[in-house]
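The following pair of complexes shares a single chain, subunit A, combined with subunit B in the former and subunit C in the latter.
After this line comes the complex of A and B, so read on.
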């Protein structure tokens, strides 16, 4: 590379790589919810980004409410995270009950209905919070950066989001593979009819799964506020990448979703520096399409007799 | 125990089960026999609630006609479908645990592994990696842990080696005696039903056309119904 010393190039790669890790964190938090919902119900939730924005606005409200109390600015995030989750979870639960459950087995109608829901939610955010983007007061302990060498700066908020993502991913793994609820989800995903015929209330599983997927998007929203400002349409910026992650990873596969989010985020982040944002996106998309042509089932597929 | 009155099942405008009625007593074993396409699987799917039906279903005095599948399982029906339909991506242990949904027990009772020792040895293996016979045992174990009053078995010998068929019949007799449950089984293998059924009924084009007790069964006549 012209104009850069090897040392500078290594530092740039390390920092871009870490920027990619922050992007990976938000993308994974978004994709986890979407993968669970799509994996189980085959519902393409076009409003998933808006549930993220809902979590972001919940965090914003916590920030301005608790920020009025001295000393709380540094700690409001610990309350905001569960509130962001709970508000998106409750909204998801309601949406499944009012809208989604009537549209199972009609994927195109679900697509249209959730897209309409996304527009309604965007307008709702606009009416309540205004069209301008809002920002939270980032807690003091999340400002600044960690400098492992003189040339490398790693922002603390990026590290915090990564830790949060790790905890949420472990939580989702535990729920899916170690809890009774997870067993119900995996059964329903594998064979809905048969799950009912062994006593599983699949409708209740659907509602809880949809709500949980939305709740995780709410957590993504809370994390998002620490790296960017929030507007009514912020969710739409992430939704395409999130779908890409879910499809590329192999729908319904947790490991695939993680691998997919990491590779897409890293590829985009590193390439962005050398060829600009648009070109990086185009190249990532072309690579994903090429891989999907060779592996239509995505990165991770099951290997058992059916 | 199980009373089926005027059961009707249709696929669109085509009626497949026509006003079918039969009863099963406590701990009784009834075999529904018939060729392919006569309505056996449709009957079983309607009984467990996978397919919508008309008519009245009473289980132990409780009307289960309007119930969904999971409610019927909670009421005391258990279903082993044709082709087993085990969850191939789940381990053997998880497959059995999935059947505990409506049971009082929260852990797999040890008697299940006493009945099917091979499942204990393979409990960490994925269900999809088991042989056909092992999958059949797994499907029966999954149904049994729900503590049913009536076990519905749809063609349990399909795709199973002839040498194992006799073993399955013996196991079902053991289960019936141990658990004190009724068994409704659909079959095409007459020798199997003669080993384990108290009564034999023949289904033709969605109606029961012949019925008799095992002790007095005219095997030649039943075989003529099963001949293609």
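After this line comes the complex of A and C, so read on.
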């Protein structure tokens, strides 16, 4: 690291830190959905990345459609977010009904079946949107950057995604821990038979939980479009990282998921500057695996008895 | 059911079934297929090594590894490194800045053979490496995980992450590994051209014999007392632990055995195809191996072999004609197998073969043994 002054080093850290924030946001949004699905239902959704891509394509369609009307181009995101959520939610609802509900007692098999689903969805995207990556025109008000000092330069879209992520995280927290629906979900996780006995429709709870997790992946997709272009296989690049985030954070713990998404994204982003993307990724993954071996329950252990 | 009966008709690959497989591989296929297709079949058979390993550790041990590509890759790369060193002798690489090192190293301005390449100049070391390195890797991974009681889904995800790590390393360090293209242009093994017709036949037979050897090893392991304990710990791990067994050691062993077989498969793959690349290491091939085992039948050694052959053959057939349809098809097949036929094609054979056999005039005597097929399912 010689050759850098302390001041430069600080600026690099700050900028890479903020570059990591965009990655952190997408990772956290993805992981939130997965954490809900895995943490509450013990279902491994390998097609989660494809649900994200679905949201991304929905956003892309919105930006094209609204791009037809002059003056509306800058505001398509506000339309795209609910549509991305709704489309992924609907797809998730359908998938749970067709596929997942038959496999609840076989967690490893959900992993295999959803992998098959991921293959089908990828091909679906390829047939509809083509193999080439598409990108949206980022709205004008997200394009600039904020410069607190001479050397630090923070892109606005990163800040916007961060704010969006904060809202979604708060929303998920409220839903899970403050609403009646969340109470039912947590009840079902804790004891399925008993929840059924006291009148909770556990099947409905499962379906909504799965669909909600997928819907959040759709929002992650909308956020994803502002930092990168979307291709049919974009989602599969994120799935391993996302799983590690969920497992590393401790399944079922919202706080753990946030902490682990943050540390993984930041570690990778800061190391990337010094040793290049691939080595940074290798080191990050290996560190996470090593920590997981020392602490298999993750950063924040959930108190569910198993 | 008597012991003899179980040994000869039991659920872990009856001897008759193995003989049939040997007949198909060694007699029927070389006669029915031209050299090009036979070589393809040989390539599929190298995948069958991995599928066999998965039947053992996933089907019987309950350990789903999504990182079998790691071991396939380690075996394959070990072999490829030896062949590459032989292919890059100073004479044929005299146009390079540094003659005598593999071409991709020269392109990446490396002037000296890296230390971990040096031992691979010896064939003995290479063969030893093919046989031990994958198992050694598996031992380290398995020891670290099973002793910490990491299992099930966590194990699957971590092995998958390790496969990603290895792929990124291979692609990223292209000066040492050949990068995304892999190690290509392999020609001779100790002066023996591995690409001409007779050697292609020889390699195919070697491959088939090794594969049948692995099936026999697997069968022997499963019909031993160890196999019983393995099945028991898959179904009720805590009870086995409370009975005084060290569960972790059993899991480590079967995981190493699976890795050992995958490594042989990888080395044979390199020999038959003439190159090795990271696209046989990462997530996608690792899951494809699981698909082979799942479609063939996760509780059947022979099923794993046939699964690898059938799915790979279908892949070549359809991916050539309808590349777009293929991905949808394999996805659908995978979902359907998991949903409707969790024990794969082997379970269909298990169910209908005794019925069919009782209709045949030949062997009526032991049709009662078919009841054993459903016995061990969780």
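Rule of thumb we're sticking to: the second predicted complex is superposed on the first by the 301 of 306 C-alpha atoms of A that agree within 3 Å, B and C clash if a C-alpha of one lies under 4 Å from a C-alpha of the other, contacts with A are read in each partner's own complex, and residues count from 1 in each chain.
As a working rule, contacts are C-beta pairs under 8 Å (C-beta built on N, C-alpha and C of every residue); 3 or more make two chains touch, one makes a residue touch a chain.
Predicted model only: the values in this text are computed from it and were never measured.
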item: Contacts of A:122 with subunit B and subunit C, given as first, second, both or neither; value: second
item: First (subunit B), second (subunit C), both or neither touched by A:99; value: second
item: Subunit A residues touched - subunit C or subunit B, whichever exceeds; value: C
item: First, second, both or neither for A:293, with subunit B first and subunit C second; value: second
item: First (subunit B), second (subunit C), both or neither touched by A:247; value: second
item: Which of subunit B and subunit C A:186 touches, first, second, both or neither; value: first
item: Contacts of A:132 with subunit B and subunit C, given as first, second, both or neither; value: neither
item: Which superposed partner A:196 touches (first subunit B, second subunit C, both, neither); value: first
item: In the complex with subunit A, residue positions of subunit C that touch it; value: 64, 66, 144-145, 148-150, 152-154, 156-158, 160-162, 164-165, 168-169, 171-172, 283, 287, 290-291, 294, 324, 327-328, 330-335, 338-339, 342
item: Residues of subunit B touching subunit A in the complex; value: 48-50, 68-70, 73-74, 78-79, 81, 85, 87-90, 94, 97-99, 101-102, 126-129, 142-143, 146
item: Interfacial residue positions of subunit A with respect to subunit C in the complex; value: 38, 42, 44, 99, 102-103, 106-109, 111-113, 115-120, 122-124, 126-127, 236, 240, 243-244, 247, 276, 278-279, 281-282, 285-286, 288-289, 292-294, 296
item: In the complex, subunit A residues that touch subunit B; value: 183-184, 186-187, 190-191, 193-202, 302, 304-306
